[in-house]
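Each in structure tokens, the structures are laid out below.
The same subunit A turns up in both complexes below, where it pairs with subunit B and then with subunit C.
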Partner chain A sequence: MAGTAVADASTRQRSPRRGRPATPTVTRAVVIAALFLFVLLALPQLMTLYYVDTMTQVAVYAMVALGLGVLVGRVGLVSLGQVAVLAIGAWVAARLLFATSQPFPLVLLEAGLITMAAGTLLGLPALRLRGLYLALITLMFAGAIAIVLDTTNFPNGGHGFLGYNGSLVHIPPIRRPGIAASDPAYFRYSVVVAALLFLLAFVHIRTRPGRAWAAIRQSEPAAMAAGINTTFYKLWAFALASFITGVAGGVYAGAVHYLYSLDFPAQDSIILFAVVLMGGAYSLWGAIVAALLLEFLPALLQNWGVSADWLTILFGIGVVLTLTTAPAGMADQVPKDLARLGRLLRRLATSGGGAR
Partner chain B sequence: MPSWPDFQPFIVSGLALGGVYALSGVGMVVLYQATGVVYLAFGAVGAMGALIAWSLINAGAPGWAGWLVCVVFSALVTLGYGMLFGPLLAKRDPLVKAAATLGLLLVLFGVMDLLWTTSGGESRAITLPTDNSGFGVAQVQVNWTQVIGLGLGIAIAVVTAVFLRYTKLGTAMRAMANDREITATLGVPVRRVEAAAWLGCGVLAGVAGILLADMVALDATTLTFLVIYTLAAALIARLRSIAFTFVAAIVIGLVQNLLTPISSVGNYNDMTPFVLAAVALLAFSRRSVVSRSREEA
Partner chain C sequence: MAAMRGDGVVGKGIIEVEGLTVRFGGVTSLDDMSVTFEAGTCGLIGPNGAGKTTFFNVLSGFVRPAAGTVRAFGEDLLSMVHFRRARWGVRRTFQTEQAIEELSVYDNVAMIHEHSRQRGASRRQDVLGAIAFTGLEADAFARVGTLAAGQRRLVEVARAVVGRPRVVLLDEPAAGLPDDETRHLAEVIRRIPEQAGALTILVDHDMSLVSACCDTTAVLDFGKLIASGPTAEVLRDDRVIRAYLGTAEVA
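Presenting the complex of A and B:
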């Protein structure tokens, strides 16, 4: 008796209620737009400069996490060297900003394109490697780039190809765009850039490349049998991820004004991978969650006087737990768990009503 | 271009380091063969063991006690991780298993930075009594630590090869590398064999940790990422052959050290493992490798 009551109740709830105009897609778009406007306009006012700088870093690393998410979540290629790619992007942007007087957006674009070329070139031979070997090679690449950066350093206004003058006493800061010189303004600028890149990734995922990537991730032999040029689409994923990370590097360079090789240690690539896994590599929201974990939490802890090492430990535990229990990460798991909780509550409510 | 006598000490140090990379590589390869896990936390666990040994020695404990604690610590942590997470991830892709060891790496890394910070600019060092005594070979000074490094590398490689071939446990490990399910069906106690592999690997991690802390530096980051050298050697051997791992490790150690006195190369000699491993992997995978169908993302 109670069973049929529950069934009736759930059927009633599933049928569309009259007078309900919004579809889920429109609602979601409105929510995203509202969130974006809030972050863009209101957030800088609500925070101290310390947190504004932190949120700029969140924007930068959201882009990096987005690139890695495309590789890991969409195509199934694990890269443990994305922070090295970020360093390359920052290097190129700094070199261009010092050597030329091009407008900042153009420099960002160029940094993205050059990093994209580098990433595609490096990805070309690496494509023949199986997933595990690719991951390990990218790990070694991260270590190698860290060594190279230690020797070549970052451009600091000097001449020559490397643009580094070791004997400069007064190092000029990396310039920012004219409209975004102050920290809150630069934060807004980076949020806009990030939004554009998220849009770029979104468009990719919803059109042919995204479908090809999904097919490749599911089963590469089947995708090839279906006529998909897997090499081309894998390279495209590398190219997109490298482009996004390269632009992020440019934004990072403008944010910090001074670049040091200490900013890009090899372990950061591993931590980035860990938080992208935890945040969720399979959704675009996961990239934002990952960036918040990576940059906002440490800043918060530092403000409270707690060492950031606790976070490293937490992320280590988190990645193991995520891999063993929730492979799709928090951005996927939390809504699922909340939905399950919602269903449970609904069932309790309606069964209580039916029994009466 | 430096002259021949300038290179000679680097041949010695290259062989010694190569020996330590070899014994680490052998541990990694055997563990991968038995469990499918690429133990990326190998360096981190040895590093923490070495730091614990340093603390104990600093507090007045005798040297041998410190090193013993290092080896025991590494063995226990590795065994604990293996027993806890090995079965949970047993059916997953090797990539997932390797990624999980990254979690262990991060935990150890965080703990090391917390307990043995380097922000104060302090540097630590471990010295073994064999550092100070040595002998001369053809105008080069060789200390006993270097002999131990190379000697242990050779010994571990030979013993492991013999062990895998001729003992029951070794054969069981090779069987599990082939097919874990069928091996279990045959009545082999797979959990115990895996435990043995994890334990052996952990012991080697501890030994390598002490030796590398002495030969290179007692620094958490350096030692943790020295695993990349070991990894390169293991990858060049396709994670399969003990002999190739040994040879690759010696070559990597030699090349990296021999490039040191060449000033035009500078610090780029540290890129040796990456370059060698990349070249070897690409040369070996000339045939197009298509990944198998993934059951889960």
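Presenting the complex of A and C:
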């Protein structure tokens, strides 16, 4: 068995130097396209409305996890303020949706860009701080945003800059795009937006910024010696992550119709960080796994009548296990384990046959 | 050799260091160092703690000297921000090899090219050329993390020579390599000045490597320059032997 693995590796080594090895890339693209179409077309038909709403949340948090994954997995910057960034995106989108009649995609884009500006400001301390200190600063930021939102509230159709009117009796819901008014349609809409942002992140990782981030994560002095403006590329990472999270905030606003500051507690940023580590910060799939852990698992437990509070304990154990045994997270470890299991079963089957 | 350079370099192809002093608190790492490196491959040797890596760190812009000037090809190197020096043409390898593990060999080298003075149009050709120059026998799209130590060193050399560097700094490139790989590396290093048109400075403890690669050599001891000149003469110098082996009686 080991022999075939070695043979596989050496044929890959000998693949033509002129281009990247073609076949695995094509297979992967086909698998991703098939999966995307399944999620887009078939999944909403197979689920009850309860799970459709849950999966819309999964799409939103997959984007948020993607943003954090760019920071943690690609550049090595820990941010514990991403849920606050999500809240900013949701706030901006809600305000624009009430105040203007702009098309929904345009509002998403604007929410992304404004959040990008705010998030890049949050990234400024990152130029001087790393590790624990950066984590603390961003956590303080999340706490501050939570307090500000507690006092200002989210827009609910009122007037003025804040757009909040506490005495409104009939609060209008945050509108959705005309083509995606129903819950299944809005789920599909969210999946398409998420897919576009995953593509955006993928393009970044595979090109110049991705290479620069990889250099910065491994060694900052070596990156500088390679001619990389580390300040610029770190801010770029914060800008990209904040843009992605801001758009996710806009999608979230349309999904829930009504926004409350209670939905964005500062500690959620820590739980988000935990699930991103468990899902796998170094892989784009990890973001989807993280979102399933964060949103789908609690919904499942609730449906079964189990308290979702157990998850907090489970996530704590999960993070410790991840950091000690599988630092690349489930997106990396589970396929490896499955392959090992497959080899084991095959060996058992062949040796069993030999004995007979 | 400097004549092989195609682009219009201002000034002479040399590095002039004058009165360079670096202090870390009470420790003087470089003490009034004045030396000139001329085109070709120059050695820089000295016992541990002599200030060789500190000198490289000054050239890379990681350490700000307390006094002194460094003029490279007629330009004031110390006034440039660190990442701009790479664009200008300073390349270096590190004592602990620093090729980016998660990227492919090609991306490792291409990354340097895209932050160099070279146009993107010739990138593919330049990158593959640099990899071929080092004689690396591995797939260009293999992840560096999967390569052996000697191969990674060659990736670092490819990173150092791609995209028309002016100055290549090699910090103990042969550390930990077996003899046959060191011989191959020596062959590659000797050809860097012609291939890349860059002034190359080699720091190493392996005297056979230094004698094989370097026409001239400078010797540092406790931050002071104690000798410089043709390599063979320098290595016979009494002060150099004393610096490495202690006093003459012991030797």
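Definition applied: the second predicted complex is superposed on the first by the 314 of 356 C-alpha atoms of A that agree within 3 Å, B and C clash if a C-alpha of one lies under 4 Å from a C-alpha of the other, contacts with A are read in each partner's own complex, and residues count from 1 in each chain.
By definition in this document, contacts are C-beta pairs under 8 Å (C-beta built on N, C-alpha and C of every residue); 3 or more make two chains touch, one makes a residue touch a chain.
Keep in mind the model is a prediction, meaning the values are calculated, not measured.
Trainee: After lining up the shared chain so the two structures overlap, which partner does A:259 touch, if you call subunit B first and subunit C second: first, second, both or neither?
Mentor: Neither partner.
Trainee: I'd like to know which partner A:211 touches here: subunit B for first, subunit C for second, both or neither.
Mentor: It touches subunit C, and subunit B stays clear.
Trainee: Touching A:222 in the superposition: subunit B (first), subunit C (second), both, neither?
Mentor: A:222 sits against subunit B and subunit C alike.
Trainee: On the A-aligned overlay, A:316 touches which partner chain: subunit B = first, subunit C = second, or both, or neither?
Mentor: A:316 contacts subunit B only, not subunit C.
Trainee: Tell me which partner A:273 touches in the superposition: subunit B (first), subunit C (second), both or neither.
Mentor: first
Trainee: Let me test your reading of the model: by the given contact rule, A:130 touches which partner, first (subunit B), second (subunit C), both or neither?
Mentor: first
Trainee: Can you list the residues of subunit A that meet both subunit B and subunit C?
Mentor: 218-219, 221-222, 224, 282
Trainee: Within their complex, state which residues of subunit C touch subunit A.
Mentor: 60-62, 82-87, 90-92, 94, 98, 100-103, 107, 110-112, 114-116, 128, 138-142, 159
Trainee: What residues on subunit A touch subunit C, complex-wise?
Mentor: 12-15, 17, 20-21, 208, 211-212, 214-215, 218-219, 221-222, 224-230, 282
Trainee: Taking the touch rule as given, give the residues of subunit A at its contact with subunit B in the complex, in rising order.
Mentor: 73, 76, 78, 80, 125, 128-133, 135-137, 139-141, 143-144, 147-148, 150-151, 217-222, 224, 265-267, 270-271, 273-274, 277, 282, 307, 309-320, 323-324, 327-328
Trainee: For subunit B, which residues count as touching subunit A in their complex?
Mentor: 38, 40, 85, 88-89, 92-96, 98-100, 102-111, 113-114, 221, 224-225, 228, 231-232, 235, 266-268, 270-271, 273-275, 277-278, 281-282, 285-286, 288-294, 296-297
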